[in-house]
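Mind having a look at this structure? Questions to follow.
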Amino acid sequence: MKFTYPVWHKHHQQGEQKERYSSADKSGLPPGSLVHIGEVHNINTNVSVIQYNDDSLVHHDDVLFSELGQFNSDNLKTWINVDGLSDTRVVESIGKEFGIHPLVLEDILSTHQRAKLEEYEDYLYLVVKGISINSGDDFKLQYEQISILLLKNHVITFKERADDVFKPIYYRLENSKGRLRKSGSDYLTYAVLDAIVDEYFVVEDGLDGIFESLEDNLLLQPGPEVLHSIQQMRRELISMKRNISPLRELLSTIKRSDTALLKEDTLRYYDDVYDHVLRVTDALESYREMIASLQDVYLSSISNKMNETMKVLTIFASIFIPLTFIAGVYGMNFEYMPELKWRWAYPVLWSVFISTGLGLLVIFKKKKWL
Amino acid sequence: MKFTYPVWHKHHQQGEQKERYSSADKSGLPPGSLVHIGEVHNINTNVSVIQYNDDSLVHHDDVLFSELGQFNSDNLKTWINVDGLSDTRVVESIGKEFGIHPLVLEDILSTHQRAKLEEYEDYLYLVVKGISINSGDDFKLQYEQISILLLKNHVITFKERADDVFKPIYYRLENSKGRLRKSGSDYLTYAVLDAIVDEYFVVEDGLDGIFESLEDNLLLQPGPEVLHSIQQMRRELISMKRNISPLRELLSTIKRSDTALLKEDTLRYYDDVYDHVLRVTDALESYREMIASLQDVYLSSISNKMNETMKVLTIFASIFIPLTFIAGVYGMNFEYMPELKWRWAYPVLWSVFISTGLGLLVIFKKKKWL
Amino acid sequence: MKFTYPVWHKHHQQGEQKERYSSADKSGLPPGSLVHIGEVHNINTNVSVIQYNDDSLVHHDDVLFSELGQFNSDNLKTWINVDGLSDTRVVESIGKEFGIHPLVLEDILSTHQRAKLEEYEDYLYLVVKGISINSGDDFKLQYEQISILLLKNHVITFKERADDVFKPIYYRLENSKGRLRKSGSDYLTYAVLDAIVDEYFVVEDGLDGIFESLEDNLLLQPGPEVLHSIQQMRRELISMKRNISPLRELLSTIKRSDTALLKEDTLRYYDDVYDHVLRVTDALESYREMIASLQDVYLSSISNKMNETMKVLTIFASIFIPLTFIAGVYGMNFEYMPELKWRWAYPVLWSVFISTGLGLLVIFKKKKWL
Amino acid sequence: MKFTYPVWHKHHQQGEQKERYSSADKSGLPPGSLVHIGEVHNINTNVSVIQYNDDSLVHHDDVLFSELGQFNSDNLKTWINVDGLSDTRVVESIGKEFGIHPLVLEDILSTHQRAKLEEYEDYLYLVVKGISINSGDDFKLQYEQISILLLKNHVITFKERADDVFKPIYYRLENSKGRLRKSGSDYLTYAVLDAIVDEYFVVEDGLDGIFESLEDNLLLQPGPEVLHSIQQMRRELISMKRNISPLRELLSTIKRSDTALLKEDTLRYYDDVYDHVLRVTDALESYREMIASLQDVYLSSISNKMNETMKVLTIFASIFIPLTFIAGVYGMNFEYMPELKWRWAYPVLWSVFISTGLGLLVIFKKKKWL
Amino acid sequence: MKFTYPVWHKHHQQGEQKERYSSADKSGLPPGSLVHIGEVHNINTNVSVIQYNDDSLVHHDDVLFSELGQFNSDNLKTWINVDGLSDTRVVESIGKEFGIHPLVLEDILSTHQRAKLEEYEDYLYLVVKGISINSGDDFKLQYEQISILLLKNHVITFKERADDVFKPIYYRLENSKGRLRKSGSDYLTYAVLDAIVDEYFVVEDGLDGIFESLEDNLLLQPGPEVLHSIQQMRRELISMKRNISPLRELLSTIKRSDTALLKEDTLRYYDDVYDHVLRVTDALESYREMIASLQDVYLSSISNKMNETMKVLTIFASIFIPLTFIAGVYGMNFEYMPELKWRWAYPVLWSVFISTGLGLLVIFKKKKWL
């Protein structure tokens, strides 16, 4: 199924000032319009092509979108990777060349997709979210949409950014003549998925560390900054769950799918990825419960502190207010106050002061307030 | 199946003082009575008809309900759009003309429906909720019920209000001879659904902005107004979920439906709408969790503030109450108080005052209260 | 299947002092014992019979239980309605006459049933809960169990109380020769269910009003009475959910049922009732979330108020306690206190008092406490 | 299938000091070892046998375990009931006599089972939990495990305690020649299940009463004892749910089971038990929600009370602290304080005192603190 | 299916400094690389082999990995147990010898697996988590991954640690010629699973004890340490649930599986394990609810305590602050204060003091503050 579609005028808005195209900006356009929707990462589109079989492997970098037609070979498997989506002509060319449905092309460019799997006659279309931890101070996750087209002899991947997620696969392709080189495009797709999900574990390990430091801070000094951190972690967990959980459905759909593009013995490997995703989602669920319990601890410890403050106030006030009253009484200027003339009144009063104070202290001690 | 029904006397109550017909007002009437139930938007009913095929397109505006019978053509697709439901005769005429089941006519007029799909022999009946953000200051969502009748060559849509939701479709119909013009009524229905769901994303973007400003306010000045806003947002999310979530079922029912009215290759496009709805409901779920966490933060920050207030009180009271007591002691009028005669008693006492005060300050400093 | 069962001695306890028979009272009796379990509404049992077809309609009121046998006609549809369950002989006679299973008779009389559908060979047995709002001051829902027996030519309904739920149906039967008169017992059953569910919407509208007034009260004066009202509404929602939600299962079971008692084209109408029930349960779910959020608001606003009180205390105490100390100092009676003799000491001290007070006020102002 | 198993040495530990055998004590024994695990109720094992058919009924009490073999009759139905599990030889004999699987025998003795149904070729094995309210002061539920073996002509029941749960069945068997006497072992099993579930309603009625008194206490005097009671009720509800909810699965499994041991027309009666269990679990769910809301009310009312206390403190302190300051000022001993000499100074000051106090009272009144 | 795989260079890193290999460390390696991922328990790998049939049993300890090939016998069942995973050559040899899929070998070594079941043509692969309570002071659960390979005549188990979980099985194998000795590898696998799940009950009993002591502490002295313990228990429950709940799926998968490796009559025993796991997860769920309610109690009791403190403060302050004011008034130095000269002023004032104080006490008593 070849498909030709016109170049709409909106394409040229792409590189302009606006940093983020919300979905709202597109309402009014016909479905199938190729406009990049989502954060623009301001990186150049870079296309690299690897062609390989058991014997040989060729790596082309910086391929022009006009050259894409020539990587068609029956006895070689071809992996086309596109880093950066700013140049929509690349997606267009690939769409034309491989007969991709216009809705798919639109989805590749609109980076707010849920992870999903779509089966077409000649190819599978997968959307997966790559996650990485920001290297900076603050705990902040970064997402990128990775689209995968699995054809009979081709795998085409589209990434928003130029990062190192696929590096391990390149390395294995080039350095080992193992299963990856021998198997078809379905195994390569597995390898790609596996590499993406492996990144999740890196993120999870990062979360582990942050979680522990959060917990320590909470015990040492439960100030508003800790509350802020808890809040932020909570939000990151919510968004992570939102991005990963559809992947579970995707992989269980793959397992039940009966497309000819996936060989029986490769499916076992997809099972493995499925297990990994389950593991990550289990972990996320646990983190969610733990962060909720941290919030509870935070509230409890504020209450605890307030209680402490209150006790200090009550002890001071309860001891000295009655004493001040007594002192006030003997500061009165009545003419007829017999005590004022007594010889030992003053020392006796001091002993009253001291014993009252000590008595109250003992009472508070008994109440375990001290 | 033609259906004749009498004009009940209740119709004339329509335009009167009562602004809202609750469902309760109708109990007692036989099912199938055509009475407009729901908020009356006080707009005139406006019928417009578009007839088109690959070659030509005719647009009729302000069509009278008596003229509806004449828009019947085999080689033209006809889209009848009704804005405003106050004139029930329009719905009556359409019911008569196209043989619509009386329960469906009743549902079109009663705007408290859940989103749903009903399959009849000759047509599908869809109810969907359109959502728009109020343009005013306050964050307030507005809902309208949009009913869609999908027949072989006709699409009939009923809207409560005269807004711009369908404008993009008009534009595409008139300006491009693409897929929309070439395809049948099922694709037009898809376009209508897509336009409605696209509005959800506009709303979601609006929510995003409001959410962020709420979060900032919460950190700067967590007063009761913020609580009020959180509360309101919560309620809007609840109602939004209630209106959107049945749409998910609707679309998954469509996918499994085997009606002849939907062509196989159009279903792929319905899948796309389904994905969008999933995305919106995922987002709603996330917002719900986040608003719940905001509420927690609000409570925590009130507690925090109370703790601060308490500390100030405790510090002032704990320092000055003991000192006042001592001053009170030397204000007593006993005859025999040797200290009163001492030369350096007064300066010594001041140094006691100052050192006691400083000592307590140091203690509070150590307790991290300052 | 005819069934004869003995009249147990327990029957005569019915009208006695005990106002409520709990389920516990019946343990020990064989299953199938006809004893009225539940609140006794102290109303006389009243049996009315309507027989109708397209042409004629006869209405018999105050039918004796011994006369029930004579309302058997092949070309007339018969609706027997029983208001009040105190006279168990009526249920007995009907059981005997129409061959109803003893367990069904027992369930009709025991008014703590869940809504349910039971299919027997010759009849369907439905239990539904009618809900009405108490007309008094307080918000209080009243439930009654309505049992429906759907036979080929008969519909038999049993109600605990003599209220107006079925009035609209009587009216339609008598005044219009529409579908209701033409259709069979299955359509009449639909009309009965629809009338019951329509009452739910009346209740829902009532809830709406109460909810709004609750919300206003909460903002104006969040005292313990509001808490009490929230609590009560919560409980009513819980019990309403418990009574309505099984109805959903009931109606979806009906849709899948393949009994000959329900004609294909009547099922469409049952779908409509199903939609209505879904709408009510959706609304209940929303109310539940909103009431939970009201509770949160209540707690937050108490905390807010406490914070306010605390601030007032802190401001008064923090300003006057230090000043009182200073005044106390110059109230001391030391012989050598040079300041006491200074000419301007007193006015200077006043300026110290005033400036300290104002200074603290400015500080509190800056802290946004004023 | 006959089965012989050795008598292990562990049997003799049974009657010794240890009051409770936890599951942990058994790890290390082969599965199938007959050791009583669970609370030992220190009651003698008592076996009673009832044999009956339409015509005759014989009741044997205190049957020895060695005599069990002789109650085998083809035209009599036999019900063997075992009260108390301390004498494991009884279970052994029954196992030998009727060819029961060793795992079943083990489960009968280990009273920590979940409610469950196991189908074997010649018999069904059911485990159900009996619940009763402790007759003492405190609200405390007691559980006992009731095992039921349903064979072709026998029903064998094992109870932990010697209570009256089965009394109504005995009574009916002996006094009426109804369905129970006429039907087979499957109907008797139904009667047993029904008797057990009827006890749940007794418990539920008890809960109802306790719940209401809890609610009243909470409004009158929300002290820590109420909190304690709420807590305890919560825990009882949790354990009750844990014991009852598996029964639901059990009964829905029975409905779908196609064993020859259950006749078609008896299954209708099992449906009835299923309905009852659903009703109990619905009620439990409602109680759970209500207890959670009680907890909320408790917290709110503590906050309310604290607020009240705070107001009293603030009113006293805010009125008298400023006045004390003024009094302090005129207690100072400066030589030059002109006011001290004024004739009307003292009465004027009193009027200042009174008006300040009244003014603050008015303000607090306006703030609705009084 | 024999499988040969190279020895990668990474193997030698195993014993080095790094104490824990996170999943992240492996990203970049091809799937199937044999690296031990997880906590390194620093124990030597110890292989023991038991071969048995009805008649004879041989136990080999400290088997070298190179000798593993020789334990192949058709009329003997062989159980190979590997304690400790540090020596990956053992896993390698077993993989080679029995033709295990490389992904399985990888999973055995990577101890972060979820419990799962994988069916291969010639063997089943099960991963289960063993749980034990730390013997030390603190409540801390320890997990170990136990991998089980079930072949026709072999069972191969891999444990992370050298503990006593399997001791009861050894004992039974050696001391009794019961079912375990007679049955095949599927029954041995059941025995292994049963032993692991029995440990869960030991843990549960431990939890029970800790829970009770926690509850007592909470009532006696609700300090931050109790909060800490609650928090820790919560976390342990979360992780326990995460480790056990997949086991439920595993066992219900086994029940539905139709592999020839599991005989029909052994499946009954697996059902038993399934029941046990259900029981544990039910208990965990209950604990979770109870721990949540403990947290609520904790918060409530802090609020209660604060309320108490507040009352003490309010009583002291409300009684003595007004009295101090009066004393202050008569400490003023006005010339014209007639009361000062009155003979009985002083005693009268004392009676005012005392009666005011008592009056306030009575009021507070009435308010139930005392």
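For clarity, chains are labelled A, B, C, D and E in written order, and residue numbers in each chain start from 1.
Convention: a contact is a pair of C-beta atoms (placed from the backbone, for glycine too) under 8 Å apart; a residue touches a chain by one contact, two chains touch by 3 or more.
Everything numeric here is computed off the predicted structure, so don't read it as measured data.
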| item | value |
| --- | --- |
| Neighbouring chains common to chain C and chain D, by label | none |
| Interchain contact steps from chain A to chain C (minimum; 1 if touching) | 2 |
| Rotation in the CA alignment of chain A with chain D, degrees, nearest 5 | 145 |
| Chain B and chain C, separation of their C-alpha mean positions in angstrom | 27 |
| Chain C and chain E, separation of their C-alpha mean positions in angstrom | 43 |
| Sequence positions of chain D contacting 2 or more other chains | 299, 303, 306, 310, 313, 317, 321, 324, 328, 331-333, 337 |
| Chain-level touch network, classified as line, ring, star, complete or other | ring |
| Ring order of chains, beginning at chain A and proceeding to chain B | A, B, C, D, E |
| Chain D contact footprint on chain E (complex, rising order) | 167-168, 171-172, 176, 178-180, 191, 194-195, 198-199, 201-202, 204-205, 219, 268-269, 271-272, 275, 278-279, 282-283, 285-286, 289-290, 293, 296-297, 299-301, 303-304, 306-307, 310-311, 313-314, 317-318, 321-322, 324-325, 328-329, 331-337, 368-369 |
| Contact set on chain D toward chain E in their complex | 22-24, 26-32, 101, 103, 112-114, 116, 118, 221, 224, 227-228, 231, 234-235, 238-239, 242, 246, 295, 298-299, 302-303, 305-306, 309-310, 312-313, 316-317, 320-321, 323-324, 327-328, 330-333, 337, 339-346, 349, 353 |
